[in-house]
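What follows is a group of structures, each given as structure tokens.
After this come two complexes, each holding chain A, first together with chain B and then together with chain C.
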Partner chain A sequence: MAFQISLNFFLAFTWMFLKNSYDPITFFYGFLTGLIIIFVFRRFFSARFYLKPVFAIIHLLLVFIKEVILSNVAILKIVLKPKFDMKPGIFALPIEVTKEWEILVLSSMITLTPGTLVIKVSDDNKILYIHAMDIPDVEESINDIKNSFERLIKEVSR
Partner chain B sequence: MKTNDIILQACTKIVLFIIILFSVHMFFAGHYEPGGGFIGGLMTSGALVLLMLAFDMRTIKKILPIDYKILTAIGLLFAVGTAAGALFFNVPFLTHAFGHVDLPILGDTSLHTATLFDLGVYFVVIGVTMTIIQTIGEDGE
Partner chain C sequence: MIEEIVRVVVVILIIVGAFLNLVSAVGVLRLPDVYTRNHAASKAATLGIVSILLATFLYYYVEVGHFNARLILAMVFLFITSPVAGHLINRAAYNSGVKLWDKSVQDDLKKEMQQNSKPKRMKLSK
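== the complex of A and B ==
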């Protein structure tokens, strides 16, 4: 993916040198032309065509924003509830992602969605220990959320 | 007890470069906007301290094999050299020259010898800060 992006930039610069005009608009046209060429020859590379991960990142971002809004509303409901009937607790979540940045993104997203908080990564990077604000009824839906995040992150780096 | 710092380390790998870039921007902004050698140097040493917090000392020594005392000396030499350079042109000590220079690629650029003086300040601040922190933080190995 990184190689394809750098190749695309290289093609755009080459286009600028061929056109002999060095402004952003020429660069943009060169970038577009290079993108089309790389798309036609996409099976030539070992990795996927690099726009797919880019779209996956955008998809992940949109899902993340939606989750943040929904869980903030849920927290608001809990805060305004007069009766305290929560059961906080810590549970272990086995994760399948292995790369450093994947773990970083996943744990940041889990922490940024209210109600859950990553407190520790196990030493072999296989388990996240998560503090949940309300264990019994949320555990299932939390696991759903985590599975969706994890699935989308895997989609990015596949 | 050794804890797993994977999140801190992965974050550091990205954030470090942003901090360094911002400190360089601060260094060059010193003439027309708030900024300059001192704050740029402090911010660069802040990035290096973040590196030291996330990784251990031996890794830092491998990444940046710099003797910070020598860096301080180089910075002072820059400052003194810029100041003493004025004496060659029969003007008082610390007189700065500036003007527009036609560089081959960048074209018409306005240069000022105060930037070199500022570079000296930058190096001295990095050198002194890092020397203090390394001296305090040595674990006696």
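== the complex of A and C ==
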């Protein structure tokens, strides 16, 4: 992915030299042209066409912002409730992502989502121990959320 | 017209942010144990501060015409660092043996900690 992006910049600069005009607009046109060229020659690269991971990252960010807002609404409801009837607890969640940055992103996202906080990543990086605000109510839906996050993160790094 | 809309948005963002910070303070006071307090502190405070920063950014951009990129950087840094801080406080609390709330229903980590601690003790005794 980094190789394709730098190649695209290189093509944009080549375009600027061909046009002999050095302003941002020429650079932009050169970048677009380079994008088309890379798209046409996409089967010669070992990685995917690089716009796909870029869109996956944007998708991840949007989902993340949505979940942060939802988590705040959930915390609001719990804190302002006159009586505490939640059942907190710690549960183990086996994860499939293996690279360290993926685990970092996944656990940060889990921490900022409704009702969950990561306590410990197990020593072999295969299990996350998560403190949940409300175990019986949340665990199923939480697992769904985790699956979607994990899927999105894998989509970025595939 | 757009300036009016932005003004309304700024006011709403500041009110929401201050309200979220207030709620997170109330949560830290009210909730029963370290872990649940950490929920309130690490989530509500983050979004509260970020929305106040966003309102400041919009205000200076529209009213003064000053594009302050540091505010955006501050938002990004907050989103990156606050979950890590919450995680570390939680982990330190658990490792130093802070008890869960007595109405907690489940503790998977306990088993793991016990399994891990046994072989270490045997090594020490040898």
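By definition in this document, the second predicted complex is superposed on the first by the 157 of 158 C-alpha atoms of A that agree within 3 Å, B and C clash if a C-alpha of one lies under 4 Å from a C-alpha of the other, contacts with A are read in each partner's own complex, and residues count from 1 in each chain.
The working rule: contacts are C-beta pairs under 8 Å (C-beta built on N, C-alpha and C of every residue); 3 or more make two chains touch, one makes a residue touch a chain.
Not measured: the values here are computed from a predicted model.
Peer 1: Just checking: does A:V54 make contact with chain B only, chain C only, both, or neither of them? Give me first, second, both or neither.
Peer 2: neither
Peer 1: When both complexes are superposed, which of chain B and chain C contacts more residues belonging to chain A?
Peer 2: For chain A, the partner with the higher number of touched residues is C.
Peer 1: For A:W101, decide between first (touching chain B), second (touching chain C), both and neither.
Peer 2: It touches chain B, and chain C stays clear.
Peer 1: Would you sort A:N125 into first (chain B), second (chain C), both or neither based on which partner it touches?
Peer 2: first
Peer 1: Mind sorting out which residues of chain A both chain B and chain C touch, each in its own complex?
Peer 2: Correct list for chain A: 107-108, 118, 120, 122-123.
Peer 1: Would you tell me which residues of chain B are touching chain A in their complex?
Peer 2: Residues 2-4, 6-7, 9-11, 13.
Peer 1: Any idea which chain C residues touch chain A in the complex?
Peer 2: Its residues touching chain A are 20, 23-24, 26-27, 30-33, 35-36, 38-40, 42-44, 46-47, 79-80, 82-84, 86-87, 90-91, 94, 100-101, 103-110, 112, 116.
Peer 1: For chain A, which residues are in contact with chain C within the complex?
Peer 2: Per the touch definition, chain A meets chain C at residues 68-69, 71-72, 75-76, 78-80, 84, 86-92, 107-109, 111-112, 115, 117-120, 122-123, 127, 129, 131, 133, 135-136.
Peer 1: Give every residue of chain A touching chain B within the complex, in rising order.
Peer 2: Interface residues on chain A, with respect to chain B: 100-101, 103-104, 107-108, 118, 120-123, 125.
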